[in-house]
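Once you've had a glance at the structure underneath, I'll fire off some questions.
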Amino acid sequence: MFRPKQRLFYLCKMQVTAGQIAELVGGSVAGDPYVKISGPSRIEEGKPGTITFLANPKYKEHIYSTRASVVLVDHGFVADGDINATLIRVENVYAALAVLMARFNIGLSLTQGIASSAIIHQNVQIGDEVSIDDHVIIRSGVVIGDSCRIYGQVFVGDNVKIGAHCTIYPGVKIYHNCVIGDRCVIHANTVIGSDGFGFTPDENGNFVKIPQTGNVVIEDYVEIGSNVVIDRASIGSTLIKKGVKLDNLIQIAHNVTIGENTVIAAQSGVAGSARIGAGCMIGGQVGIVGHIEVADGVMIQAQSGVASSVKTKGAKVYGSPALDYQNYLKSYALFRRLPELAASLSELKSKVDKLLVKT
Amino acid sequence: MFRPKQRLFYLCKMQVTAGQIAELVGGSVAGDPYVKISGPSRIEEGKPGTITFLANPKYKEHIYSTRASVVLVDHGFVADGDINATLIRVENVYAALAVLMARFNIGLSLTQGIASSAIIHQNVQIGDEVSIDDHVIIRSGVVIGDSCRIYGQVFVGDNVKIGAHCTIYPGVKIYHNCVIGDRCVIHANTVIGSDGFGFTPDENGNFVKIPQTGNVVIEDYVEIGSNVVIDRASIGSTLIKKGVKLDNLIQIAHNVTIGENTVIAAQSGVAGSARIGAGCMIGGQVGIVGHIEVADGVMIQAQSGVASSVKTKGAKVYGSPALDYQNYLKSYALFRRLPELAASLSELKSKVDKLLVKT
Amino acid sequence: MFRPKQRLFYLCKMQVTAGQIAELVGGSVAGDPYVKISGPSRIEEGKPGTITFLANPKYKEHIYSTRASVVLVDHGFVADGDINATLIRVENVYAALAVLMARFNIGLSLTQGIASSAIIHQNVQIGDEVSIDDHVIIRSGVVIGDSCRIYGQVFVGDNVKIGAHCTIYPGVKIYHNCVIGDRCVIHANTVIGSDGFGFTPDENGNFVKIPQTGNVVIEDYVEIGSNVVIDRASIGSTLIKKGVKLDNLIQIAHNVTIGENTVIAAQSGVAGSARIGAGCMIGGQVGIVGHIEVADGVMIQAQSGVASSVKTKGAKVYGSPALDYQNYLKSYALFRRLPELAASLSELKSKVDKLLVKT
């Protein structure tokens, strides 16, 4: 039988006051600064003794009914009704939350040092304070920077370089010669550096493989979700620049470049040799065809199909193939009304035909 | 060289009569109850000595030509021609098939007990008759219920609770603090509890991670396919309710709730904090945006993009963004005819222009 | 700190002349046959001492500015300006590249023989010159052909047959009874033979599993990307025919057949019992519904949804649901112009109304 009480067993046993939290996050208290907090909660199901937050305006209504004892809100927050909770006003709710949560977070544990069941091949350089978990395989020529955490069943191929302070979660597979920068996080079962999809038909119509001799280069501060695939370049490098954040189940094909601080949501795919600019926001399930360029700061709506270069910085696009965002919405609004428009056209036609008979 | 004869080598050596099968599934025989069956087959390629079934009416034509010796059919089945096979009439073909196949099924084997290469950390509670295969890692604080089968190279993070009678296939990774109910099945290389995708920009436009402190809670009787990802909640739980069935390569983002007995086909994705009702049927490659609600019993056509809450129970939707199913089909039928409609509009325009000249 | 110099460290130390390369690939030299080459480069960022190629006409402009010393071009290539590089003219640039790259390629290393941490169950037949890496699990009854390379943390279920000269990359999971032909390549963390998605509702609306008793059969010369899932058949076999190439993150449901030499791009999905013909080209993120047939040589544009059988060989389709490719483009061009067409219709209506008043 399923025992719902187990759901919250994992909350750590913190016991702090609203005032102490406000100090921690640099906020100001409105209400009781002595109320005691023992864990976080969601605003719509908050319990006494917990802290929650209001960042997304869609959830504003819940602040009047939440049973949480403390709510983190923006400095600019204006109440439209009575609030029972103590408020902590901060400059940026999410940033404050990040600080706060880091205090409460208990991550996946990992014994320091190298587990006895890990296989470390010859000629490997391992930095200080590195943890390598059970059943990991590190092949020869690998370099691992200081303070890396490599979880169970990870595979690191020949000559891979991993920078300092990286976390590689269980089951990640990194093929030979790939390069990972500092402070990167790669989630479970993601594959880095498998062969790009390149074949050429021979005279009999069978496909001959084009060897994929390049690698994948991931710069500093990149975070990659679970079950992602980033293929190695045919020649040169598939390049994921500094600060990029990739969600789960994403496909990055060979020779792609993703610009700095670009964020891509789950299940999107970027085809071979496409070059995505910096600071782009790409929704889920987007497809981007090969050999095109997307300018900096472009926003691509979920499920769009980008079939040609987007050259305007900061453009917003939508649809498959993708159009200007507003234009797509206008066209789609009329797509919905097509039965009405067709009827109107048909009616007009009979009127004109009658007029033609008369004249 | 590929040897096609190997394809069927795996059929187990059963040898039963149509009459015995009818008894097993509670059906009635029309034809020879003594015909011997040694394995299952597909209706369009059936061989003498095998049993097949007719459930989907699309395959009805094959019943007149199949060489299978026995066909499972519905009580209401009416033949339009001569049938050579013996029929077994049952109330529910699929349910009968399930009973029948369970008899013939030989699953992935697993030695009882704990393999010597498995790594079991301290403070782990393991129930009776549990099998833990080679190269599994079970971290500290884990509780595993009776009769669980945990295949090779699985990783179970700290404090995870797994109910009784669960099957966890090879390579599954379960992060810390997640909770799994009784009689759940999780297929290979699926990831449960990796970090939700939450970042907030700092003053320099770099993204700062919002710690994901929650967990994933999976209730009883849930089955999850291969290479799925279910992210842990930022706060609280991502919740997969009783009886949910998820196909392969699905993305479930942080703080999502999936209602009881909802079924989701492959490669669909549900964005953060969306709440999906009970008994929904969601097709493949569907995208559902974050922070919306989908009512109970809603049917979502494959490849649809659900961009706003669907409040009507049992609604059928289609399109991206999704519309009422019938309305989408009507609009799409006219989308196909747009060249014709545009021509018609253009012709009408010239007629009117001529009329205007005349008057 | 990220050190970009590391990006090219992996290039092997070859040192050959343009003339020697021309001989290797059967091409003719235009320019200096004695120029020395020490590695490959991309045409847009080529460096002296490297060889690059021009195959896609989109990149033609770069041939006039590339700093690479040698460029592989087609026999038919005609220069529109001055070229500094030495050219090697060949019949097929990609085929020549394949030959050339195979010479420079240094793959993922693997110690010959069976690693001591690999678990090999009883009754396993292993051919000559097979390598089985660390933490691999081979269950009983498995047959592995000559010269196979099985990388770390792979799982091979009971009675699986693998032909000769196969490469199975790290973390692949193959369920029991599946059959793989000769010279196949399966990339990291792909799952072969997990259960098809089959459930039938009982009288209470709960879903009962339909046992999936079949297997997956993969013929010779098939290459499969990373994090792909191919489900086993409910009865019989899911069949991937000779020479098929599957990109990453693809879903192949139970009982599907994929015809010879068909190529499928990343993140596409094929639903249960669909039969795809030979020589098809299927773009990325395509969805194909169950129980339909797609004829030989059909081309399906990325993100299309194929909802009914495509019976014409060589047909090109696009859209969701998919239409004839040209017709989709015509309709979509008018979809973009819908605001204009609606305005035009509205204007025409007022004109007609005025005419009607007059007459």
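Just so it is clear, A, B and C label the chains in written order, and each chain counts residues from 1 on its own.
Everything that follows uses one rule, which is that a residue touches a chain if its C-beta (ideal position, glycine included) is under 8 Å from a C-beta of that chain, and two chains touch if they have at least 3 such contacts.
These numbers were taken from a predicted model, which means no experiment stands behind them.
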Same or different contact residues where chain C meets its copy chain A, judged by the half mark: different
Magnitude of the superposing rotation for chain B and chain C (Cα, nearest 5°): 120
Centre-to-centre distance between chain C and chain A (centres being mean Cα positions), rounded to whole Å: 24
Multi-partner residues of chain A (each touching 2 or more other chains): 117, 135, 153, 171, 189, 227, 249, 267, 285, 320, 335, 341, 345, 348, 352, 355, 359
Contact set on chain C toward chain A in their complex: 1-2, 6-10, 40-42, 45, 52, 56, 58, 92, 94-95, 97-98, 101-102, 104-109, 115, 117, 133-135, 151-153, 169-171, 185, 187-189, 221, 223, 225-227, 243, 245, 247-249, 261, 263, 265-267, 279, 284-285, 302-303, 320, 332, 335-336, 338-339, 341-342, 345, 348-349, 352, 355-356, 359
Residue ranges of chain A in contact with chain C within the complex: 117, 119, 135, 137, 139-140, 153, 155, 157-159, 161, 163, 171, 173, 175-177, 179, 181-182, 189, 191, 194-195, 197, 199-200, 202, 205-211, 213, 215, 217, 219-220, 227-229, 231, 234-237, 242, 249, 251, 253, 255, 267, 269, 271, 285, 287, 289, 291, 305, 320-321, 323, 327, 330-331, 334-335, 337, 341, 344-345, 348, 351-352, 355, 358-359
